[in-house]
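Please find one structure pasted underneath; my questions will follow.
Here the chain labels run A, B, C, D, E, F, G and H in written order, and each chain numbers its own residues starting at 1.
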Amino acid sequence: MFNYESYLRLDKFPLIWCSGCGDGIVLKSMIRAIDKLGLSKDDVCMVSGIGCSSRLTGYVDFNTLHTTHGRALTFATGIKMAKPRLHVIVVTGDGDATAIGGNHYIHAARRNIDITVILFNNFIYGMTGGQVSPCTPKGKRASTAPYGNFENAFNISGLAQAAGASFVARATVYNAVQLEKLIQRAIERKGFSLVEVLSPCPTAYGRRNREGTPVDMILQQKETTVSVAAAEKMSAEELEGKIITGVLTDVERPECREEYQKLIDSFRKEG
Amino acid sequence: MAEETLRRKREAEITINTAWCKGCVICVELCPEQVLVMERGKAKVAHLDKCTVCGLCELRCPDFAIVVVDKNKSPKTGE
Amino acid sequence: MAEEKKIKVLTGNEACAEGALAAGMRFYAGYPITPSSEVAEVLAEELPRLGGVFIQMEDEIASMGAIIGASLAGTKAMTATSGPGFSLMQENIGFAAMAEVPCVVVNVMRGGPSTGLPTLPAQADVMQARWGTHGDHAIIVLAPFSVAETFDLTVRAFNLSEQYRTPVILLLDEIIGHVNERVTIVDPGSLEIFNRIVPSDPPDQYKPYRHTESGVPPMIAYGEGYRFHVTGLAHDETGFPTNSAAEIGRMLERHHRKVEQARDHIVQVDPFMMEDAEIGIVAYGSTARSARHAVRLARETGKRVGLLRLKTLWPFADEEIRSYIGQVKSWIVPEMNLGQMAHEVEWALAGSAPVTRLNKVNGDPISPPEIYQIIPG
Amino acid sequence: MSFRYEIRLSGEGGQGLVLAGKILAEAAAVYDDLNATQSQSYGPEARGGASRSEVIISDDEIDYPKAVSIDLLLALTQESCDRYYKDLKKGGILLVDSDAVNRLPEGEFRVISAPIIGLARERVGRALVANIVALGFIAGISGIVSEKSLRSAIEARVPKGTEELNLTAFATGLAEARLLMKN
Amino acid sequence: MFNYESYLRLDKFPLIWCSGCGDGIVLKSMIRAIDKLGLSKDDVCMVSGIGCSSRLTGYVDFNTLHTTHGRALTFATGIKMAKPRLHVIVVTGDGDATAIGGNHYIHAARRNIDITVILFNNFIYGMTGGQVSPCTPKGKRASTAPYGNFENAFNISGLAQAAGASFVARATVYNAVQLEKLIQRAIERKGFSLVEVLSPCPTAYGRRNREGTPVDMILQQKETTVSVAAAEKMSAEELEGKIITGVLTDVERPECREEYQKLIDSFRKEG
Amino acid sequence: MAEEKKIKVLTGNEACAEGALAAGMRFYAGYPITPSSEVAEVLAEELPRLGGVFIQMEDEIASMGAIIGASLAGTKAMTATSGPGFSLMQENIGFAAMAEVPCVVVNVMRGGPSTGLPTLPAQADVMQARWGTHGDHAIIVLAPFSVAETFDLTVRAFNLSEQYRTPVILLLDEIIGHVNERVTIVDPGSLEIFNRIVPSDPPDQYKPYRHTESGVPPMIAYGEGYRFHVTGLAHDETGFPTNSAAEIGRMLERHHRKVEQARDHIVQVDPFMMEDAEIGIVAYGSTARSARHAVRLARETGKRVGLLRLKTLWPFADEEIRSYIGQVKSWIVPEMNLGQMAHEVEWALAGSAPVTRLNKVNGDPISPPEIYQIIPG
Amino acid sequence: MAEETLRRKREAEITINTAWCKGCVICVELCPEQVLVMERGKAKVAHLDKCTVCGLCELRCPDFAIVVVDKNKSPKTGE
Amino acid sequence: MSFRYEIRLSGEGGQGLVLAGKILAEAAAVYDDLNATQSQSYGPEARGGASRSEVIISDDEIDYPKAVSIDLLLALTQESCDRYYKDLKKGGILLVDSDAVNRLPEGEFRVISAPIIGLARERVGRALVANIVALGFIAGISGIVSEKSLRSAIEARVPKGTEELNLTAFATGLAEARLLMKN
């Protein structure tokens, strides 16, 4: 249906991810979105941290950078500030972005720097074998939460909204078409944009929490999510335990690099 | 126009790259027409005739291992 | 600018900022900390005028990440900090070493450990500059002893960084950072500036980590038609992760070699009255000034003493020190720490001459008389 | 033989002694073609009461940039006078503000007491420029930097728009000092 | 009117802060609040980071800890988890809490750990001489923003709310009585509680931004703030540029250490 | 537990967790990282059962902060990590040194620099463990070579930490961390456990940083009726900041002295067939196992070779090595880094005997034959 | 009761600790009754009689340098 | 003279070879009072296809815990067989799954081919316990650990509730091996 090949580093295949891992489905959606936008591969710079999801940058034929754990946004900020013509896309996991990288996450959102973040939320640390994440729902099990997680979980998207992001959306791999469209809109929107994707991790999360097969996990997304439009018509009780998908925020706010450019230009004019 | 397009005969060509397929069963179970089956841990086309070229299997295959092409559609004019 | 006076009075921190600009630095990311903040403050003022980027990041980790990103995007980039921030930068400094990203990290040393003595001088991060990040790695560390030299060595830091594709650490101490002193600003055009070597290969043949003879692979920026991968994982010539012991060994060996085989170019010492010295002082940074003063005093009383001043701290000037074996009968190493470089001097000498240590970590500089007093004879 | 002249300007934060030191160093280094260093001590991090600014002037390379045996000590507060007079060298000069410093220390140095802050306030109109009045005194007393160089350095370093004010302050101090030196 | 002395380390006086600095007014309000609550000094543990405001811990006669820049909440979390009977109060600046310490800030709020944070927001890095902070309003000057800050500022309190804090309030030194009461309520509330205090810094912020004398800066607070109650009655335009004071959030949510205690107790019962 | 079998098969990581519990550790804060995560996983399971606290923090900086806080609150506390996380902990490790807070930091070494080789062994953080934080400071570093010894040295790490009021670093390598091996678990009551000395002074006379003869001031927990101040700034005996050079000097000198004057207690080596050795091997961690094997092989062919195994890496066993001067004619130092300890051995010997380095950083362990091959004779 | 309390005669005792006073002028300018003045950079009581013992000066003095006591109120029963 | 027996269990992730190795080591160390080490190699971080678990058993101290010259190699996949057979020592034993490994390598070692996975699936009812069936084979072939100890170790290490199943698996492997050894 769609030819992914020209965007891939085929010699690195097969993917490192486990059988049934949702990350590959997200990767495909990302490629379709970039293709739709008609971006030149040379102008796309993809930056990731450390984690299963962050291995993505090794497979795509862009300018790619696999940084340190949690720090992708700092490298990306340097790139965007230094070379604003690049489309900078950050690939990160729930742990990478909101545990160790939480500070850079809220600051990039505050600056509203023109970077698109695709956040692979699998509710767990996949790469290191299933430790609890700040996004693991309360009560769920992880290798470091053998009796169930006793901490409260983050609302990742809400955090980005509060910090000042221009565009915030949530999607599932179940609805990969919506996912693709949201990624497209996120890249289009000037400023900090986030797409939080719920991406099943059958190995480190599913198994331990008896969530069934990869298929079960994908189908479960259908049940647990409601669209923004549907949610608006639902009562608080009905929404209990539901995850809202779709565009949560889409506003225009001053963008960091453009504001800085104004400063540079003010001297150009003078001179 | 939508009507015509839909009525045009669809003929599927499904390619499975077994070197990449990890046997996650996603394509098999989520195909609305039960076109696919598992064999020796890999996906396999069983009932090509039933395929409606809906593309769902390809869309959701995490490993780029299954490719569906509508043979009656020129590759250039993909939707 | 051409009509401006050539002689200026600047602090070391100001000269560092000026030197960086002269070297072509156009990206600064940092987080304020005493006694380094003036480096940032000067650049916050100057960089936008020059079309460059100044950004204050949320912390030092982010600052280090940002300069690596900017450098990969093709801009010469720098950050400045002091001890606590330098500690936080270590992980990403290791990334820069592993991924061979040129950049300059300035550490204006204050008293430690921990928050320590934020406004007082020290030289206690010398070993940290060498060993602060995990894993074995090569690193270049320079330490100026005057404001004028701070300008020069900042330029040099960028040159070495670009030439060897490696992070370079510039260690000032609070005294050098804050003293106002005369600098003769040379015409920017007359400065020797080294820019990273770009590949001559076409994009499809480009290997970002090619095993060249010099050990330094050519480097192209992101967004220039070459699409390559950079990672902090062990990788092969193509930049992609590998678990092949042979490939990994080859890569790490090359990292080391590119610095080690160039050590004669990188290592600079400044001998002062060493020709006939029987007593040698090894010193660096502001302490070298006290040492030079002590040498002058001692020479007046006829003592055959000289100063071997280190401008490059790492790679260590072991050969330069050993070249005095036979001539110099004993050495003195004064430093504002508990003997970090003295240990290296002892190692280099391997017992061939005794080394006297003069250490101070209480925030007071080591004064000329303190050194003078322990010069034997 | 080369010379090394050490000046310490002391008082409290906000009196502009760091700027004064820089001007002095710049006058010597940029305009008189001497070597000069200026340094200061900080309190805990950014702030702190006492303030100290040191200038070393020499026709040779200056190794150690901190004062060790002071030629001229300016003290604008009693506290700074008490704390630092001991660092004066034999035959050095202690220049104090006559209003702020009541208890004069004794020792083998020459004491010059003048209403520096008062002059700034009354003759120049702003107590804030006492630092520049003090520079006038220092020029007049020590002769270590030329009047012309100091004027140039003042013009270059003080905030735009305050040049006149500061040059007047300088002239005031210089004139007073010359008067004093004559006596 | 009130005897502060028994709470102070008088031999450390006078305070290190500049003349007219607002921090001393906050300190007094804190002491009054603690006194009202009747807490034993032995049971109060006050933890600070690095900054002018963070120097506070040196002056109060509690169990005090002056940590590293931005990390006070991590030390405090260790203390609270290890010895829950202590009342743990964190003193921090806008830079300390939201720049370098932003991650610990959102995570402590997420965990809803029973710690009270008094955040001294002076919109600047005071201690290091006036560099721009993530809370410096856009356009305002700082030593590292000589042409005016080009970045967007954080809404500190909003961030704590989004992250999951139980209690969030904002106050001024102008209204020191309200401040005291809010601190009192914050300490009383189980869970993560925040009082963001606008504390004027005449030296590093005021001077550079021509905000006048300390008195001018205090009086300005009166003009720029409106209470929650008043704000509710105002239109969006009227609220433009205004800062809302009072209690912004006050909810009951599961508290971290208590949830952990349940886990411990589950084994006690078993055994 | 008394009826449980005494012999267990555990990995080094598991033994580390068990050792910590046996030593009385009741607070663990950490952030997962390969190859250390099992330490946390065991403790997440065990600590709640024992009424202790297990918390996974948002990163390694927070983990280090939390264990310092917990220790100040009176609980023995620990964290475990690997290279990248260890780099991030450096600033707060310096705080623990400066504020003299007992705690144990475990670093299960993997290949570096940077993300490097997450699943493969290395020994390249040895110098970082000594010098990773800014400012001069004393530190104790232990390195076990077997699972059984991991249990023992973890207990010892806590004991030393409590006895000397200082952070102690336990360096495992991936091989020791992950190998399953026999451990004989002794009766917890029979273990020698050291708890920090509490003050005998009443609260109003308590000085948290008293200059005692041992150099170690008694320590009381927060919330026990003593209200004192702790800071990372240079401070005096009372714990409050000071800028007095004399006070600062005295404090930093004491920090150093408390470790240095106890070095004979702290430093442990394990000589194997060293009695008549003319060739000495210095090794530690898993490499010492290969070395021991190589010694056995070489002894079979009549070579007079022995192994001086370091259990304590810092303070360095210089005296122990020097005690063989005259007897041992040449030394070999195999290690999974580029010669970090070999450099120290050379320093200690000061030229009195040659040192052959055997280094490997490609993720492959050094095998017995590799060492055997370079044993001369 | 409020009425009575307010009507009770108030007699102020104001203590200024000049060693701690940093002369920020806050107390002087924010005193509703102009009781205080500056002298040699320190606050000073000028019109004690005008003082209503409102306590605002003390409340806002950042340096614990000014203490106001209502002499007609026993110290134990502070509001 | 002391002995050192090296076993490598190889196959792919998910076959439980790490657990099998641990059981083997525990049987030797806890119940047979021998020394034993078990170690494994990891792929990039948590995952990866090939799996390798090594057990060294000795009556003396075990210095180097990695296999250098293998006495017994279990290969449950063709890939692992191809990759590792070269590490077998002269006279060692190569135990392969007869269904998974078609191309048998040649060399100076003894090859034992048996339908290990098939036996687990068909005789025990779950392919998952092939690792324990393999332990039965190893016990029967090598005799390096006693049957009794292995049974105890299996009981102690397998998930609660699966003890019976696993002991059956073990017995199946052991019986098959004994049969083979007789021939």
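The definition used in the following text is that a residue touches a chain if its C-beta (ideal position, glycine included) is under 8 Å from a C-beta of that chain, and two chains touch if they have at least 3 such contacts.
Since we're looking at a predicted model, the values are computed, not measured.
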Graph distance between subunit E and subunit G, where chains that touch are linked: 1
Result of counting contacting C-beta pairs for A-C and C-E, higher pair: A-C
Separation of subunit D from subunit H, taking each centre as the mean of its C-alpha atoms, in whole Å: 86
Subunit A and subunit E: spacing of chain centres that average the CA atoms, whole Å: 32
Chain centre separation (subunit A, subunit F; CA means) in Å: 39
Separation of subunit E from subunit H, taking each centre as the mean of its C-alpha atoms, in whole Å: 61
Residues of subunit C whose C-beta touches two or more other chains: 34, 48, 58-59, 61, 84, 91, 95, 114-115, 118, 231-233, 241, 243
Per-residue multi-chain contacts in subunit A, two or more chains: 17-18, 66, 68, 99-100, 102-103, 107, 127-129, 134, 147, 260, 263, 266
Subunit C-facing residues of subunit A, complex: 9, 12, 41-43, 45, 47, 57-58, 61-68, 71, 73-83, 85-86, 103-104, 107, 260, 263-264, 266-268
Residues on subunit E engaged by subunit G in the complex (per definition of touch): 1-4, 8, 13-15, 17-25, 27-28, 173, 176-177, 213-215, 218
Residue numbers on subunit A that touch subunit E, as the complex places them: 99-103, 106-107, 110-112, 134, 138, 147, 150-155, 158-159, 161-164, 253-254, 256, 259-260, 262-263, 266
Residue ranges of subunit F in contact with subunit E within the complex: 26-27, 29, 48-49, 51, 53, 55, 57-59, 61-75, 77, 91-92, 95, 221-225, 227-233, 240-241
Subunit D-touching residues of subunit C, taken from the complex the two chains share: 5, 7-9, 34-35, 118-119, 175, 178-182, 286, 289-290, 292-293, 296, 365, 367-369
